[in-house]
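Here chain A shows up in two complexes: once beside chain B, once beside chain C.
Our next item is the complex of A and B:
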């Protein structure tokens, strides 16, 4: 197990280095004169010059790449062009919102998904099961963007139950209230997936001999279902949760824009629109790190739950 | 287990309870206004995005003069009156007395005027507004309430766009010196109708009413500016009652503006969108050919196709009520007859339009591609082939500056001063922003003359003349100024500038 984890950890290094190289080359890959694109016709020559030196375009590329790496190792991601603040500071301010949103979306997806899956497995071959299968099929294929807009139209515009924008004005209650819509929108796609997985895993388990034995002992049905079958069937589900985090982080971009919440996703979208290169680089780097960490957790939990994997 | 159950029940109850309280009807004394993106800075000397920064600055600061609400006419604001010297190079302002800066930063005096303007032209300022004050040499304090601007040459745009717009806003000298430039940009101190309160993590900007405002006190106690870059979520937030004023998309304009709870209006934008011909390159260096194209390309069809028929046709770079407006004659194909176009094509050396192939460079956005396709279709009726190239901003600007295209489509933002708006077609802008790659000595001379006079009649005359020069050379086609489509709930009564920018401190509640 130890060797497996070390191997996985070592893989992180080349991944991050590749991401860094791509991010660094952004200012060279972007066609056109950066000063013209970023600052527009109102820029004075002095402003253009200052910008070029800030983007490291006044030095040969290998020098600025080394400088870029050096700074990152020191934890310095540079300064935002339009915010006059350190990139790290800007990101640190909004990152907690993305993490809370992702965790809330994950929690909802797991809770709802497992509930639906259990129901479907319990009432196998009934109309309820057919309905639930169709339901999870539809939710699994609904894009986050559509889910968000639909939720707002139904629950904010028509019924005026949940707020459609913002994070609320302080207070846990207000924050939670503002979290319902976004978290639900984020969870929709993953809910269907987990429901389908739970159902098939449960059905498989219920077919196994030890369950049949328990049945013949006359143990009550709900007891078998929740005490024995679920305990075994849930393992593969826990393993895929790690994978889900990466996917949810991607979905958070849409949710943050639609629901007008602060967060890493919206920050990246805004900074791309503003062509704030240092901020784009910093934001994408942090997102990539989160993604890599989530995948690492997924890999390790896979190995933990299924010992066959780490031997490969 | 039991304990967890209680916590669970408590949270559920709390959530249910909060669901019952309507989030929209939170505070009636507070006004929520959507802005199309994050404000970049609140320091007037460094304004970046007019649509996001300006409404906030305009509520926090005053200038010496301002536009009379609802017009572009210039009237006194912090200045009582002013006097212009014989040669137009010395302007003496008499200031209003007893006006206080926000948050106890003291009385507004001539010191603050000198500081506000000289910080823009200072060498290390790096302010994009330096060009707005291009001829300002220095500011002289005569006494506490009298201040004199000394110019090296008369400045045409001083009263039309410099002083009443962001460059002319007066900041508190004491506050800037105490905080430094960076902090001031997110903590502005002015004399305006609203006092800056907070810029939060969601980039919402909250302002509180200035109780000691020297003019009529604002109606609403609080204004929150909310950046919403997604137009759909702006429309939805308006409908759910979470914002009071926002913008509609053209697609949904009719539907929402007809609802009982909302009002909406269409204003022309201050910008100009146009089709530009590259006059310095084969084959469009041929004036006959450009004239033919002016008949063939029909802006009306573009307006219907790409602007849902909501945008007005433009006949000039300027809006109709601006100094120097001249309505260029429209080239109507139906009126002139197709025969005329075939003749022009033949005269230009392309009988039947055969063999004519043109390069069209445009943005990769959906709207611009659509416009390209419409023009392509119009030209194909005369056997002219148009290759539409939709590019990202960077490569597009590269192509513009190299001049490697025949036709392009552009949108330029304008100010109220014609001199600013006409500067892009000067000879020395070729290779920069002169998209016609057109050079005309007379145009350059007229522009320079108008730049350095305060004589409004002379300026108007020159600008009209310059528009005729562009018209005679058929360098392009003005299409539209674009539109702004503000919408608001019927609970509020907003006031807008002629180009549809909301004036927040004049908004009143219609319920009283």
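Our next item is the complex of A and C:
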């Protein structure tokens, strides 16, 4: 187990370095001259030169790559072109919103998913189970942005129950109220997935001998279901949570755009549209780091909770 | 004789798969949705009641009526006709993207499993780098480099999703390579290419097929999502994502308008995923209990 984790950790380092190289090469790959795009047509050559040296474009590429790496190690991600602030500051300001949103979405998905899955497993082969299975299929295949749009149409436009934009002003209650829609939209896809996982894992566990033994001892059904079976069946579900957090980070991009919330995803979309290169680089780097960490946790928790996976 | 035996086995397997799928309501549900989309994509000009590009500002943002069954959009275009025509880019993107990622993924996966050594590590490393980005963010950045168009969306989606196939093909090839029948074929003097095409590819095809059925849905999802963000297909082209984007600004005043493309995308996703699920169960009945 220890060797497995060490190996996985070591493998991450070259991956991150290559990610950095790709992000660095963006300044050469993006169409058009960066100085032109940023300064507009009325820029003087001096202004362009000044900007190019600020972006490190006047040196050979390997030198500026090393400079870029050095700055990153120092924690300096550069300065946003249009916001005139440090990239790190801009990201630090919006990141908590994305993290809260992702965790809230995952929490909802786990809670709702397990409840639906348990219900389906408990009433196996009934019409309720058929309905719940179809329901989990539909939710599992609903893209985040569709869920968001439909939630706004139904609960915000029609019934006026939840706000459709922003994060609310002040108070915890207001921000919670503004979080309901986005978190629900984000959770929909994984609710279905976790429901299906719970159902199959429960059915598999209920089929095992120790459950039969407990039944023959006359232990009450609900006791077996929630105390013994769930304890064992929940392992593969815990194992996928890490994976899910990574996925939801991606889904947060859409939710933040649709519900007009600040966050890392919307920051990246905006900066790509504005061609704010340092901000694109910084935002994507942070997103990739979070994603890699989530995947790392996913792999390790898989190996820990569901050893069958590791053998594959 | 060997050939006829092999054909018989293949036929038997196909018959068994169809037999299992016939009993599964998911196969019917998914199959009919996929058929519906394919038919609308191919015969769009015959089915669509109106020209999807004909604007009529006099009757913009109208609700459903007999003339425009699903109403009209902000430029007075018939929404139903636009929905039907939008099946075209959806089918193009999903099939194009999948075929591209299948080709690259299978070649890289086979190379990794067969050549081994540095090349294998390099290929696995490329896969890992691609997978280090959240897919949507990688797609966004790549699209900003090459610029949005149907072709670039197809290529970028194909490349982003490719590592999945590469990894599956590599893993399956590694285990198939050790099987007795491959050993037997080799001892009879079969070369590498013969072993790959006659013995390994047909055996790993099942898992790749199921995966690609599920990914077709994701392709449509990404395409619509990107167009929704304004970075995929561009208006005035009829695409579900473009329609979402156009009607998003009217979500408070004409909320029904955004519901139609949203339902179309949901239905498509449901169709592909239920069909793929049914196929997966039928191809590998042992997996029945797993998700």
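The working rule: the second predicted complex is superposed on the first by the 298 of 312 C-alpha atoms of A that agree within 3 Å, B and C clash if a C-alpha of one lies under 4 Å from a C-alpha of the other, contacts with A are read in each partner's own complex, and residues count from 1 in each chain.
Basically, contacts are C-beta pairs under 8 Å (C-beta built on N, C-alpha and C of every residue); 3 or more make two chains touch, one makes a residue touch a chain.
Given the structure is predicted, the values throughout are model-derived calculations rather than measurements.
With chain A superposed, do chain B and chain C clash or fit?
clash
Which partner does A:197 contact after superposing on A: first (chain B), second (chain C), both, neither?
Second partner only.
First (chain B), second (chain C), both or neither: which does A:110 touch?
A:110 contacts neither chain B nor chain C.
Counting only touches as set out at the top, which of chain B and chain C does A:176 meet: first, second, both, neither?
first
After the superposition on A, what does A:186 contact: first (chain B), second (chain C), both or neither?
After superposition on chain A, A:186 lies in contact with neither partner.
Mind working out whether A:269 is in touch with chain B, chain C, both or neither, as first, second, both or neither?
Both: A:269 reaches chain B and chain C.
Counting only touches as set out at the top, which of chain B and chain C does A:77 meet: first, second, both, neither?
neither
Examine A:19 and indicate which partner it touches, taking first as chain B and second as chain C; both and neither are also allowed.
Touch status of A:19: second partner only.
Pick one for A:149: touches chain B only (first), chain C only (second), both, or neither.
After superposition on chain A, A:149 lies in contact with both partners, chain B and chain C.
Would you sort A:141 into first (chain B), second (chain C), both or neither based on which partner it touches?
In the superposed model, A:141 contacts chain C only, not chain B.
Chain A residues touched by both chain B and chain C?
Residues common to the chain A contacts of chain C and of chain B are 30-31, 149, 152-153, 157, 164, 257-258, 269, 273, listed in rising order.
Of all residues in chain A, which touch chain C in the complex?
11, 14-16, 18-19, 22, 26, 29-31, 137-138, 140-143, 145-146, 149-150, 152-153, 157-158, 164, 193, 196-197, 200, 203-204, 246-247, 249-251, 253-254, 257-258, 265, 268-269, 272-273, 275, 280, 284, 287-288, 291-292, 295, 312
Which chain A residues qualify as touching chain B in the complex?
30-33, 36-37, 41-44, 46-47, 50, 82-84, 93-94, 97, 149, 152-153, 156-157, 160-167, 173-174, 176-177, 180, 257-262, 269-270, 273-274
With touch defined as at the start, can you tell me which chain B residues reach chain A in the complex?
It comes out as residues 14-15, 18-19, 22-24, 37-38, 40-41, 48, 126, 128, 130-131, 182, 185, 201-204, 226-230, 232-233, 236-237, 239-243, 392-398, 401, 424, 432-433.
What does chain C use to touch chain A in their complex?
Listed in rising order, the residues of chain C that touch chain A are 26, 125, 128-129, 131-137, 140-141, 144-145, 147, 171, 217, 221, 224-225, 228-231, 244, 248, 251-252, 255, 258-259, 262, 265-266, 269-270, 272-274, 277, 289-291.
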